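Listed below are the structures to be examined.
First subunit A sits with subunit B, and in the next complex the same chain sits with subunit C.
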Partner chain A sequence: MRGGTTFRKVSLGLLVAAIVGLATLPMIQRYATDGGFVTNSTLFNFTQMFMLIIVASSWNLTGGFTGYVDFGHGVWFGIGAYGTGVLMSKLGWPFPVAVAGAVAITVLAALLLGGPILRLRGPYFSIAMLATFVAVREIIRIVKPITGGGIGLTLPPYLNRPLFFYITLILAVVVVAFTWWLRRTQFGLTLIAIREDEIGADMRGINTTLHKITVFGLSAAITGLVGALWAYQNTFIDPDIVFVDSRTMDVIIAVILGGLGTVAGPVIGAVVLFWARDIIWANFLQFHLIVQGIVLIAIVLWVPEGIVGTFSDRSGGTTLGRLMSKRKGEPSSDEAVGSPDDEPRTVSS
Partner chain B sequence: MDQLLQALVNGVMLGGFYAIMVLGFSIIWGVMGVINLAHGEFVMMGAYGAWILQESLGLDPLVSVFIVFPVMAAFGYAIQRLIINRIIERPHLISLLVTFGLASIISNVFKLLFTATPRSVEASIHGLWQVGPVTIPKTRSMILIAALIIMYSLHMFLKHTRLGKSIRAAAQNREAARIVGIEINKVYAITFAIAIGITAVAGVMVAPVQPVFPFMGPPLTLRAFAITALSGLGSIIGALFGGMLLGIIEVLLATFIPGIGTNVGIVSSFVILVIVLVVRPQGLFGGLKAATT
Partner chain C sequence: MSGIRILDARSVTKRFGGLVAVDEVDIHVDQGEVLGLIGPNGSGKTTLFNCLTRVHNIDGGSIEFKGKDITSKKPYQVARMGLARTFQVIRVYGDLTIEENLVLSQQWGALPTHRSFTKAHRDLHDKAAEIAEFLLLSKHLRTKAGTLSGGQRRLLELGMTLMPDPDLILLDEATSGINPSLIETIKDRLAVLNNKGLTLLLVEHDIRFISDLCTRVIVLNYGRKLADGTPDEIKSDERVLEAYFGDDGSTDVE
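== the complex of A and B ==
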């Protein structure tokens, strides 16, 4: 189809219009009679949606661009949430300082863990992250004096829905714009090179370890920031509500539904998933995780390109789309040359 | 000293369960190259099988094994034909995503059917043996004995039957196996069925010593992964030693470090996994190569 630039201009215009439209919601609530159609729960829902967009975009940095698919991304959210929780309720720090502290703690944790974990690759990395998630949840349960263990922590209540709405809206715009920009920089191209052929990138003199740890820390920082905001918004945290297994799954589904390894994918996926889930929740609360599991399997098997990949005419497609059409043995992001599968597998005693 | 000896015995008992629990995971990965993140959920289904048969028919877990194995093997066969077969030749990411979804479906269906309330199962053989300073729980030693029997049977099956040889051939080189006339898809489906059957039997065996609930799976999956990475893909003897090693380490830590309780098991297995993969990427028994860059 001709007229790609027109299409771009139109979609950019629509995007700006959508952001401006969203930004007026709290105003409507404030100045219209009886808040118009906007209620506190509308704002809350949108806040949650922005958070999903932000976390999905940050997950896409490691999972989509760099090819390191993280099955325990919720751990950064959890550390961010607990960082704020502990700093505010135990040390009495004010909110902005506590958030900064929480992000610093998350980045520190990511850098410490990233050293050893990023040496693993493919499925080993994915499962080591899943194990990190479960392990950190248990550690938080065990260190009762600091984290309150299973009883949890109560933060000073602060119910200001419009504030959280605006913070997360701005953050979502900034983070998505940042990933768009990053994808076009030398750094972003290097990440793609690592995904496509890590050994080759290494051979060409790229410091792959440094790039991987940087993007890992960056992704953790963004998610940790969301966790920190979430904790204060929720005013109560315990291991079970912060470290929910489904949180990581939400993020993964959002990204691959939209299109793994694309800039727009996480945004579109998060929006679609969020409202689809809202409908599922409203009608079949009990089934929602079952439905989500089915959706995940269905997307991977039948629509691996995601929404963006399916509706765009760009050649190349999304990361998952290319993986799905790829057989074992061919080099790809997931299985670099010399992966375990190149060895003959044996079953023996 | 007595405490140490007791901890070692307990560790070996726990290791017996881990060994039989990990077998199916290791075989599926070794033969099909599929990393089954729903593995713990199949253990959970076996444990619920033991509970259902006891509640409805009053069966002892030792008897339930003979019902649960064929039922779950049939279920495994169906799952393989429906889903797993489509992802066998795909990169690992695909199998991780699909089985991750499968795990969520299974555990939440069970929560819907049986609620999240932990259930317990009674074994007819229970109580303790007192050997010198060491007490040996009878139920746990039954698990260990059953694990050894199952491992030996599986070993004989793979070594000496035609089907077993086909499975090993498919694992070694699928193309060559196809050329010599092995129906590879059939072999895969049967392998998956047997692996799931054994996994469910592990669930039946562990039901009397551990609460049975829908979300017991993920920690078991992680342990299965850790043990397999330690011991090598599809290795029966490796599964035995890897399971024992992890069992002993977990019990020793829980015994000698105060205040951390049993939840630390998953933390320790994770730490061991990462240390081993980073320090010795080929695994303790040389099973895995190039796990790191």
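== the complex of A and C ==
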């Protein structure tokens, strides 16, 4: 992650400008004539994008840093959403308390599940999470007295687009800053050590179980919080709109597109995926999913390290990376010590 | 030899299905000695190491380290007690730098603090730099471990075992796949460490390496202890020659 301090300063400046710019959108809507170019739907779209950024960053904690690729991450979103739903519509709790309660329920579920499920590794863990996701959806369908079953739950309507816009914007900034900080702590390094060699880490004194369960719970808490907000924003939940498989897929795609195991990756991936899909959808309505699929295959083939990986690591590991290093006249690969057999930065085993 | 038993394992047995990989082996290591563990391929050396470091649950026997029973401890707990090891197949954290690899091997991820903010952390980084220098790796402190050569990774692994100031290090084939000049380096480093009071247990195929360093050698064959003595005694032991070279003690080299 080198690239000079100037590059860092410029990107940080751009980032701050982007956040400030975004923060003014609801004010433009409020004070400009006819809301300027900002409509309720603009704010809604950005809110969805912020949510994708937050969930992608939290997925990246387990999937990217720790190397536990989670195919059922949507389960935390779902538990968070149903937590708020049940607490607000059945028990009449006010929104902030219900959100806190929903997050607590999500964390509790993650800690209970984490013990047994984190003993599994690689594809077994991924499949077990997928199974958990499906199982929880069906359980919620069955316990009708609490969850409303297939009929769903209606929450007290509260349509305040700017409020959700600001909450999710602030949350996105906080969560991304948090992952940035975490990556630089001993805890963050330990997560990467577990990804690189879990057995070795264990035999060198690292309590891998404790670290894995902690990060699993943390990741679930953040995603559960987003689910809780989403439920209230949507004012209606049922198992099929809350537990959508594609929601987890979107998150994984965003992280891989941006750069697995990097701090900026999930953010960039989420932004690109969100707007690219909007454009594809607007222009190729009938076959937008086909176009999206082809684009994804292209990414996996030619930019497997994601956007961030390609730009930051000019080792010539990717096609784009090689092109970029040539253009800048830098030596590509083999400049480091010794053997070229270093593994690609994807998840090992 | 001061005679204090740092590691004392009795009748250690490990079965894999019907195969008895380690069969009632008694092994003890005294404070300050360099004990060698040799044997033909498949004789149970690495399995015994894995039993001692609690990677495998043992099917019989007991293991004491520094006078405490560790038979039911977890691998990370044993490591924190001061029993460090290297691996036959090199294990380093490829996506972390050498410095990070070293620091993590002592810090165990316990502190969620920002690196380099506290004095303890600066000390830790100083220590990592010192160890890297000792192992001729200081040039590569900020290099990712995944890009190092095999020999450099072996040295890094050794450095990672040294970070927590262990009482006993188990080295599993520290010289395999390494060029002769680097082997001499490793040998020198180990001798220096031993003079400073570090206890070592080596698994090794290079018999010269063993006889130069070790004060005592144990020979394993088919999971059983075949012989136990000084390097010279071992080299002239009929049973050892038979195990290594076949019945008549002459014939093919492996």
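The definition used in the following text is that the second predicted complex is superposed on the first by the 293 of 349 C-alpha atoms of A that agree within 3 Å, B and C clash if a C-alpha of one lies under 4 Å from a C-alpha of the other, contacts with A are read in each partner's own complex, and residues count from 1 in each chain.
The working rule: a contact is a pair of C-beta atoms (placed from the backbone, for glycine too) under 8 Å apart; a residue touches a chain by one contact, two chains touch by 3 or more.
Keep in mind that what you see is a predicted model, and the values were worked out from it rather than measured.
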Counting only touches as set out at the top, which of subunit B and subunit C does A:Arg184 meet: first, second, both, neither?
second
Between subunit B (first) and subunit C (second), which does A:Asn207 come into contact with in this model arrangement: first, second, both, or neither?
second
Output check: A:Ile199 vs subunit B and subunit C. Expected answer is one of first, second, both, neither. What do you get?
both
Going by the contact rule set out at the top, does A:Phe71 touch subunit B (first), subunit C (second), both, or neither?
first
Subunit A residues touched by each partner, larger count belonging to subunit B or subunit C
B
Could you give the residue numbers on subunit A that contact subunit B in one complex and subunit C in the other?
199, 202, 208, 336, 338-339, 342-343, 345, 348
Note which residues of subunit A are touching subunit B in the complex, please.
69, 71, 116-117, 119-124, 126-128, 130-132, 134-135, 138-139, 141-142, 198-199, 202, 208, 245-246, 249, 252, 256, 286-287, 289-290, 292-297, 300-301, 320, 323-324, 326-328, 332-336, 338-349
Within the complex, subunit C is touched by subunit A residues 181-182, 184-187, 189-190, 192-193, 195-197, 199-208, 211, 261, 336-339, 342-343, 345, 348
For subunit C, which residues count as touching subunit A in their complex?
53, 55, 74-76, 79-80, 84-85, 87, 91-96, 100, 103-115, 140, 143-144, 146-150, 152, 160-161, 164
Which part of subunit B faces subunit A closely enough to touch in the complex?
27, 30-31, 33, 35, 37, 83, 86-87, 89-94, 96-98, 100-105, 108-109, 112, 155, 158-159, 167-168, 171-173, 215, 218-219, 222, 225-226, 229, 233-237, 259-261, 263-264, 266-267, 269-271, 273-275, 277-278, 288-293
